[in-house]
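In structure tokens below, several structures.
Each of the two complexes below includes chain A, the first together with chain B, the second together with chain C.
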Partner chain A sequence: MNLRLQTPLATAVAIAFGFIILASLLIPDLMDVRNQILNWAILLAAIALFLGFANLFQVHLQKLRNKEKSAYSSILIVAMLVTFAITLWEGSQGVTAAWIFNNIQLPIETSLMAVLAISLTIAAAQILQQRKDLMSLVFIGTVFILILSSGPLFGIELPVFTRTIGPIVNNFLSVGALRGLLIGVSLGTLASGLRILLGSDRPYGG
Partner chain B sequence: MTYHSGQDPEESLPDWLKALRKRQSQEPTSPEGEDSSAPEPDEEEPDWLRDIRQRYGFPESGPETDSHQKPENALSDTQPIIPSRAVETRPNHEREVFSQGPMAEEPIEDTPEQPSQEWINEEPAAEVPQPESPRREFPDWLEELGEVEGTAIKEDELAPHIPAFTEGTEPELIPGVLPSWLEAIRPGGAFPQEDTRSEEMLPSAEKIGGPLAGLSGVLPAEPDAIQSFKPPVYSARLEVTDSQSQHAAAFKKMLEEEGKPKGDQGHQVALPIRLINTLIGTAIFVAVLVPLLSQSQLAPRPEPDLLPENAAVFNRIDVLPSEAPVLIGLDLQPALYGETKAAITAVINHLLERQARLVFISTQPTGPGIVERLLQEELANQPAGAEGNYTNLGYLSGGMAALRSFFSDPRSATVSMSALGLNPWTSPAFDSIDSVSDFALVLVVSSNADDARIWIEQGASEFPNGLIAITSAQAAPLLRPYLQGVPQTLQGIVSGVQGAVLYERLRSQEVGGGRDLWDAYSFGLGAILLLILLGGLSGRLTHMRLERTATKITYTEPETKPAGDQLGN
Partner chain C sequence: MNLSALQWIGLCLLLILFFTFWGRNNSKRALRSIPAFRQLRRTIELSVEDGSRLQISLGRGGILGPEAATAFAGLTLLRQVADIAADSDQPPIATTGDGAIMLLAQDTLRNSYKRLGIADQYHFRLAQTTGLTPFSYAAGALPRILDREVSATALAGSFGEEAGLLTSATQLSGGFSLGGSENLTSQAILFASADQPLIGEEIFATGAYMGSGPTHQASLHAQDVLRWVAILLFIVTALLPLFGGLR
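Presenting the complex of A and B:
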């Protein structure tokens, strides 16, 4: 029997729990209920993380079966399983798990960030070759001002930038723009919450 | 007029009816007769009927055709209507009895039409001598007809001698000419002069549909309303055109490709560009590496009044009482650990000097690992770090909802340490902590502005003693509005290498992680700025050269065109 109860049931559950959480912010007696619901959400998030791990494993296992870049997939699957088994056995703060994190994951991610810095420098250096318009000039000018006001260059401090222009940009221009951005984000969040509470937006796929 | 028993009703029939019955008797009625006399379809069937049959997909008629598909007898409509129920439902022996004996003794109570149908139907009985015939009633018109012709002869006398039909004695009916007896009984002038037939019966009306389509003067077999035909079969398959199929296939392919991860598509870059990119990378690498290796301290440290938010953090930590519980939320990604490490080390060193009791929690899966690395390697010189006098609650999954739950009731929140079966809250140092407001200070260490924003928005009202942030340089500008807001939801920020150096200066540290990086930071910034400047100038010069060349070509084009024209002429 195929009852199509998914959409109304999911919507009803989402709206009900949304109103409970909203009411618990106003009614202190509902705090225990809210904490219980949030603990359920925490467990579900942890399960979702595990499902993500399982999905990644499945995708690369499928690639391995299809012989599609099987070398990369096999390395990834082996590393994934070994790390998972070790962390499961020792815990996230075990000696081997900490060694893997300190000597493999941390250097790799830091190196990628360093490469990103070089890539951004190359892109900024070539921007006037690619685009020769007003916004490119504004972008390059802003980059110059912020770098000059970030500290001394080659050991030489330029007080005009570090003490005058830099604080003006950081404390007025940047803060003004970001406040507008945050107000927009808040209004968007409020609208999204209302749409979910009213059931007109169903991001849970109902 | 009444008939006596034993009188053959066939004898009282008029001549025209007898002749008609004779013709019917000559028609083949048995299946064998039909089969033997059935015309060959190829010979007898007209072309137009064959065309119609082929057009509508009817099967070819022939000897192998089933009995129910055989064409009806042309004169079958002149036959008396036999009640099918009475004939079919009775068994054979009962039918025999009904036609011969017992029924003769029973009084006939049928309707006036039924006796005539029965005796018309009992053709074979006329040849079989019957001892007695029941007295039957006939319709009035038939009785009157018998009186007119004066043939009221007793059935008992004539039945054995007179056959039911006489062959060859009666003239055949001529179409369109009334027989004499019918002419005699015809009321004179009683017929309407105009044709009372319906339009579809008129000779001029052509048959529109069916196997007789195109013929005129044909009686309709039955009204259109009761015509039964095979209902049309509607296909459940979607009928799409070729264009729609192509669009659907393209859309399906696009959706399938959307789900597939993009492959590593390496493209060859021209050698000069590759050389320039390599030079840029090498220049930055050298500019950062040389000060680090030389441990130079050429760059001057920033003044304390340049970043007042740093001073606010320092002042808040500096007044903490001994053994004050401090909650540190470490939402740091490993990629930005190198940049943030100096600031974290400086602040946590200060906290440990104040003998604060540190409680770590992280909403990033890699957070607990970073905490352990930080305390075991960077703060190993501190007694608390070396002896493990801190609490690492571990990973708190669930993002914003989990943080909200933790802020409401930290003891009931599900963290990775409690999931392992350990209860971190059993330590006597945490007896006084029932909520996050019991912490003397709350720090959030974040490399991402969004993570820090969640801490501020969800927990600012829960922290009476304030919230301070240690962030990367990229997140600081996004958090500055909270720092300058009223009420102030963020009491202080230490961000990036610059913040670390300034914090070390506030603590009167001449050596520290920030100071070690400060020269490399300064030289690296200088190199980046120089490279962007050189790259921009180079690009501008290249464009100017190309534009000048294009101008020359445009200028020389009018001179070359006439030459081409001359050649063409």
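Presenting the complex of A and C:
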């Protein structure tokens, strides 16, 4: 069966529910309706999460059939099925599910975090090779200041960094920049939401 | 001096409508140049010519929070890229860490294929979930980025620290990487590691710069005006107590 969202209907539903949510900010009587709609949305998101899981399974199953890197896909499918079955049997708070999370998933993700630390250090060191502009110089300069002001390095503390320049960068410059970026992101989010309400931006139906 | 959330929404709505209608009669209003989009357009053209593939990473943000806006910007980019390159030898692929975004990405691609009259060539593997936690998503997306057929990766969506792994993989494969996210940590990482980072609200300009229609351009102009309104309000709010004290 080919499930596909019909664009005009989907647009009407999106706009209608968007306006109800927006109106509930003005009309307190609509609060219950808003909570109900949000509960539906949470339920749908949970179903979508399961569909994401099913998609992952389907992709690797097909890889296995096509014999593309089938060893990795078979390990993934077996691990996925075993974990899913255990979690279904014991519940998400079960001992075995927690053991799998703490002893398999967490160490793997931590090791990826370690790889990330190395790759980011290399990327920061190479930034001036990639982009020779003022902003890259500011970025590198700020990184150096923050490293030197983070505490004593090899037992040597540089008070000019730890007590003067570091706090200025941390407490004033970075906070100001952070707020500026957040305001920009908020305005962008607001405009995106309104485009969907106007029906001019339809992430559903392509 | 303060504007409530609803006043901001109302002002933004009015500005979008104004610029949409004004823009119809005034096509000369230019957008400032953003090198990332210029280079992305060039990369799309090159990938169609040399038969290589583009990979769009839509991140792991869902559709319920503010991170949905960046995922929608990513979907806009996906639609534009698919409309250009779907009928090439190596059509673009999309990866995501969220089920709902995966469904929307599949729908976006399916409609692009339909518009191009090649609906029979669409396959569900063109948009896939590669993992449901941040690092499992990145780990699942890495083989697709490192694929020799992939010449460019665009990260447009909600990312965290894992964005660094994706851009590092692109560097390793010698491809072009563009990255934008609403998350500030991710923006810092993308600034250091992506070929072309999108900083701040630039990610939301994707539709306007990739030719998605007049409303996208209108909303970009509305954002510019609102930014100036915010700046003026800050200045006035900062100066008001000073003048109050003089009285």
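Going forward, the second predicted complex is superposed on the first by the 180 of 206 C-alpha atoms of A that agree within 3 Å, B and C clash if a C-alpha of one lies under 4 Å from a C-alpha of the other, contacts with A are read in each partner's own complex, and residues count from 1 in each chain.
Keep this in mind: a contact is a pair of C-beta atoms (placed from the backbone, for glycine too) under 8 Å apart; a residue touches a chain by one contact, two chains touch by 3 or more.
Note that the coordinates shown come from a computational prediction; the quantities given were computed from them, not determined experimentally.
Bringing the complexes onto one copy of chain A puts chain B in a clash with chain C. After overlaying the two complexes on the shared chain, residue contacts for A:Met31 are found with chain B alone; chain C is out of touch.
After overlaying the two complexes on the shared chain, residue contacts for A:Ser92 are found with chain B alone; chain C is out of touch. Once the two complexes are laid over each other on the shared chain, residue contacts for A:Ala41 go to chain B and to chain C alike. When the shared chain is aligned, chain B and chain C each come close enough to touch A:Ala124. In the superposition on chain A, A:Leu148 makes contact with chain B only, not with chain C. Touch criterion met: A:Asn102 reaches chain B, while chain C stays clear of it. When the two structures are aligned on the shared chain, A:Ser174 is found in touch with chain B, with no touch to chain C. In the superposition on chain A, A:Ser200 makes contact with chain C only, while chain B stays out of contact range. Contact with both chain B and chain C is seen for A:Leu182 once the two complexes are overlaid on the shared chain. Within the three-chain overlay, chain B meets chain C in a clash at only one of the listed stretches 129-137, 255-263 or 525-533, and that stretch is 255-263. Counting contacts as defined above, chain A residues 38, 41-42, 44-45, 49, 105, 109, 112-113, 122, 124, 127, 130, 178, 182 meet chain B in one complex and chain C in the other.
Within the complex, the chain A residues that touch chain B are 31, 34-35, 38-39, 41-46, 49, 91-93, 97-98, 101-102, 105-106, 109-110, 112-113, 117-118, 121-122, 124-130, 132, 140, 143-144, 147-148, 150-155, 157, 162-163, 167, 170-171, 174-175, 178-179, 182.
Here chain A touches chain C in the complex through residues 4-5, 22, 25-26, 38, 41-42, 44-45, 47-53, 55-56, 58-59, 62, 69, 105, 108-109, 112-113, 115-116, 119-120, 122-124, 127, 130, 135, 139, 178, 180-185, 187-196, 198, 200-201, 203-206, going by the rule given at the top. Residues 5-6, 8-9, 12-13, 16, 20, 62-64, 66, 69, 71-73, 75-76, 79, 96-100, 102-104, 107-112, 114-115, 124-125, 128-136, 138-140, 143, 161-162, 164-165, 167-168, 171, 182, 184, 187, 189, 191-193, 195, 199-201, 203-205, 207, 212-213, 215-216, 219-220, 222-223, 226-227, 230 of chain C touch chain A in their complex. Here chain B touches chain A in the complex through residues 277, 280-281, 284, 296, 298-300, 302, 306, 333-339, 365-366, 368-370, 372-373, 392, 394-399, 401-402, 404-405, 408-409, 412-414, 416, 420, 473, 477-478, 480-481, 484, 498, 518-519, 521-523, 525-526, 528-529, 531-536, 538-540, 542-543, going by the rule given at the top.
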